[in-house]
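Across the two complexes that follow, chain A remains constant while its partner is chain B and subsequently chain C.
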Partner chain A sequence: MTDTVISILFSGAAFATVLYLISVGLSITMGLLGIANLAHGAFAMAGGYIAFALVNRLGVNFFAALLVAAVAVAAISVVLERLIYRPVYDAGELEQVLLSMGLIFASIAIAHFAFGPLPLAVNVPASLQGQVDIGWRSFPAYRLFLIAFGLCVFVTLWFAIERTALGARIRAAVDNRAMAEGVGINTRVLFTVVFALGSALAAVGGALGSEVVALTPFYPLEYLVYFLIVVSIGGLGSVSGPALAALLLGFGDSACKILIPEFGAFFIYVAIFLVLLVRPNGLFGRAQS
Partner chain B sequence: MDQPVPVIEARGVNRSFGAIEVASNINFRLERGARHALIGPNGAGKTTFINLLTGRIRPSSGQIFLHGQDVTRLPFDRRVKRGIARTFQLNTLLRNLSVLENVQLAELERHGSASRLIGGAHLQRQAAEAAYALLEELRLADHANAPVKSLSYGRQRLVEIAIALALKPAILLLDEPAAGVPPTDSHLVFDMIAALPDDISVLIIEHDMKLVFRFAKQISVLVQGKILREGTAEQIAADPMVKDVYLGHRAHA
Partner chain C sequence: MSLQDARNAAVEKLLSRRRLSPLELLPWVIALGVYFFLPQYLTLGSQILIMVLFALSLDITLGYAGVIILGHAAFYGMGAYTAGLLAVHGWGDPLIGLVAAAIAAAILGLVSGIVILRTTGLALLMLGMAVALILYEAANRLHDITGGFDGLRGMTIQPIFGYFDFDFFGKTAFLYCLAVLFLAWLFVRQVVISPFGRSLVGIQENADRMAAIGTPVARRKLIAFVLSAAIAGIAGALSAQINQFVSLSVFSFELSGTVLVMLVLGGAGRLYGAFVGAPLYMIAQDQFAKGDPVYWLFWLGILLIAVVLFARGGILGVVDAVRETIGRRLTGRVAVAAADTKSSAGS
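This part shows the complex of A and B:
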């Protein structure tokens, strides 16, 4: 019994970490400009495939590959932001949804062409293979690393948002864009920076998480619901909301899969349905409107 | 004739939304140190005009000058950096932040350039101290740590003016600063406006004629996107056309 609980918590935390890394950028960009960027998961997939190509095919160091994937995806996202997203900032939500769905399908086609339809995972470095015995039980080393990494990202983000001038600007612009501009904040530059950072984090999430969530061309579509759940339960424009939401979703998802596999994620969806009925702005949202 | 350069000037500014002309060939000068009021009936285009001056809206044609420089194509935040500050007609504070944080943010923006996106603790503390000093000066220090949303509406309007002043603007645009403030609190707003430093040029949109005549030396009357009359407070008060169009209209309303 204890074993089952520990398994649920552990695999739930690992899944939650991947969800968090990918979704937190989406939460903040949606909170900032109200852009419904459904294609955010494509950035995660791109990060994953770039790391896969570097590590598995070219034999590049795992951590170097992570860094390259993050930087490359951030650069791609800035180009897309300038060329494709900017024109629809002031358009309706339907236009934004259609545009980002189009990007999803384009990314699926590119991934399918380049890497084929089979699930792939980035090779884990030798130093993180095997089990780590922490006294009474041993855990897979890689997943421990993943969870610790997620914690570090969370703490760093929290500090950056709550305690730095950049964070103050982001909070202000999420709260009230007109007012933020009224005190001289350049929200266009701010948004580009946040968009790039969020995409880079998604890329890291996709690459680090491929061991938990395998890379397939349909990745951006298949996990879209999960990312959106994290964002909608966690609330827009927040760093800690998505963390709690990702944990809830991770634990719930792994509990359902281990305890009642015949129902799949049925109970998770029902729970989210109920939460959003009662709290349409999510459980921990920052943005009000 | 040699005229001093106005701090802000609109030359032949037009703007229409579809078929509706909200600004029609507006020529306007705000002189250095001015106490200028913009009045006019509802829907006359007063807020639109402020939005044109600040860059939230681009004119269809015509030019805007700040300190004699053409800023027609400059976005809002860049004009703020050049010394223009405004309050909004509807309260637009950062409601979840404290009073101090709201003002601190403005201080931070004034000091930090865009290249210094990540300001250290040192910069933050300096900004907080400056913000607190300003709040003391404006007699808002008692509320410094309260979230803005917990303040009375009248005091929230004061915080808005405090934020604008933290930018140390050369030009202050006040969009109905007393609107929605209960009469018991309106003297707070009036007093703060009356005590504004002389070197700030002020343009105020206001419906409260008591405040306008107490405060303004120059008045422009805007009707249907056109400047109908312009003159000293005395001239405007005595103008039969203004009385008919605006003051009369208000009396009936």
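This part shows the complex of A and C:
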């Protein structure tokens, strides 16, 4: 019994970390400009595949590959933001949904063409392989590292948003964009910065998480629902909301998979449905739009 | 132009929508042409007609009421499973199947609509998806009833009116789909040109103002949603009866996305977007996706991006814009000519 609970909590936390890394950027960009960017998962997939190519094919160091993937995806995302997203900022939600669906389709095809249809995972470095014994039970070292990494990112982001000038600007723009612009904050530049950072984090999430969530060309579509759940339950424009939502979803998902596998994600979806019904802005939302 | 003239012009514009223009008969002429001259394409043709009907149903909510729903497949699937289960258990009359499917999908639309139409933005997108996802998981779980992942098989579909049997070449199936689509088109056309349909457009453009002039916004949206769900259910039922098979993919996100893409490629909110978009999509997919479906996905993605960036109204939007430009040039010339005559007469 205890064993089941511990394994639910542990695998749930690992999954939650991946979801958090990928979704937090989406939450903040959506909160900033209200863009319904469904294609955010494509950045995570791109990061994962870049790291895969570097580590598994070229033998680059794991952590160097993570860095390269993050920078490369951030650069790609800035180009896409300028060329493709900017014209639809002021268009309706439908245009944004369609545009991001187009990006998802194109990214699936490119990934399929470059890496084939089979699920792939980035090789874990030797230093993180094996099990770690922490007294009464041993855990896979890599997943412990993953969870610790997620915690570090969360603390860093929380600090950056709550305690720095850049964070204050972001919070101001999320709460009231017109007013933020009125006091001289350049929200467009701010948005580009946040978009790039969010995409870089997603890339890291995709690369680090490939051991938990395997890379396939259909990644952006398959996990889209999960990313959107984290964002919509967590509330837009927040750092801690998506963390809590990701943890809830991670625990819920692994509990469902371990305890009642025959039901699939049925109860997750029903729970989301009920939560959004009562709180359309999410459980932990701070942006009251 | 005086106020009276402006009012007359507006009334004239509204009335002109009621008149049937010859162009509106084009889809039916083409469909009959396919039936008589291209019999080898009847199977594909029936699938196209079903998707046209499905996209037409989405047009009511998306194009007219302006509700962005990413889970329209829920209603299609509901109709498909309703008609399919009826046929498996001995009620194989196709028309009863259609009616039952429409009712089942309408009830689902009513229940889910009451709930999800209260929200907007991201929550609305999510809830729309959630409805289809929940049904997908439920249908997968209830494999004793639905066949689960293997799909629903073993239907016996009786002849239509007890007389027209479904033949091997798909002739009856094609005409059956065509007749159902025709009736649905007449109905939807009547709905969107009615004051009710106009009020939906008003709600899409400015819901607050419509509420201020006394339109029951929430109720109108819900009615549109239920109508749309019922028609989607009929489309699903047609698909189940003609293919004599229902798979879980009727609830899939891919299907919801596909029908959205078809409608938007053709042009949403124009009644004929479905008639343009769905055939083009299906024919292109049939041609290009045979060899390499992923290649097709790539170009579909690029096409979607291009439509959003350069052609918001879809194909019909582009056609309208071109016609308007030509029309303006012509009337401009006439006006200039008239002004010339006037000034020369005056001098």
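Just so it is clear, the second predicted complex is superposed on the first by the 289 of 289 C-alpha atoms of A that agree within 3 Å, B and C clash if a C-alpha of one lies under 4 Å from a C-alpha of the other, contacts with A are read in each partner's own complex, and residues count from 1 in each chain.
Methods note: a contact is a pair of C-beta atoms (placed from the backbone, for glycine too) under 8 Å apart; a residue touches a chain by one contact, two chains touch by 3 or more.
Bear in mind the structure is a predicted one, so any value in this text is a computation, not a measurement.
In this superposed model built on chain A, chain B and chain C occupy separate space and fit side by side.
Of the two partner chains placed around the shared chain by superposition, chain C is the only one that A:E262 touches, whereas chain B remains out of contact.
Applying the stated contact rule after C-alpha superposition, one finds that A:G182 touches chain B and leaves chain C untouched.
By the touch criterion defined above, A:P280 lies against chain C but remains apart from chain B after alignment on the C-alpha atoms of chain A. In the superposition on chain A, A:A14 contacts neither chain B nor chain C. Note on the composite model: angle chain B-chain A-chain C, taken at the C-alpha centres, equals 80°, rounded to the nearest 10. Applying the stated contact rule after C-alpha superposition, one finds that A:E93 touches chain C and leaves chain B untouched.
After overlaying the two complexes on the shared chain, residue contacts for A:L201 are found with neither chain B nor chain C. Judged by the touch definition given at the top, the superposed model places A:P217 against chain C, while chain B stays out of reach. Taking chain A as the reference, the larger set of touched residues comes from C, when chain B and chain C are compared. Contacts of A:L103 after superposition: chain C is touched, whereas chain B is not reached. Superposition on the common chain A brings chain B within a closest Cα-Cα distance of 14 Å of chain C. Taken together, the chain A residues at the contact with chain C in this complex read 30, 34, 36, 84, 87-88, 91, 93-95, 97-99, 101-110, 112-113, 217, 221, 224-225, 228-229, 231-232, 236, 262-266, 269-270, 272-273, 276-277, 280-282, 289.
Taken in their complex, chain A has these residues touching chain B: 160, 163-166, 168-169, 171-172, 175-176, 178-189, 193, 286, 288. Across the complex, chain C meets chain A through its residues 62, 68, 70, 115, 118-123, 125-127, 129-131, 133-134, 137-138, 140-141, 253-254, 257, 260-261, 264, 268, 294-295, 297-298, 300-305, 307-309, 312. Per the touch definition, chain B reaches chain A in the complex via residues 54, 56, 75-78, 80-81, 85-86, 88, 92-97, 101, 104-106, 108-110, 112, 114, 116-121, 123-124, 163-164, 166-167.
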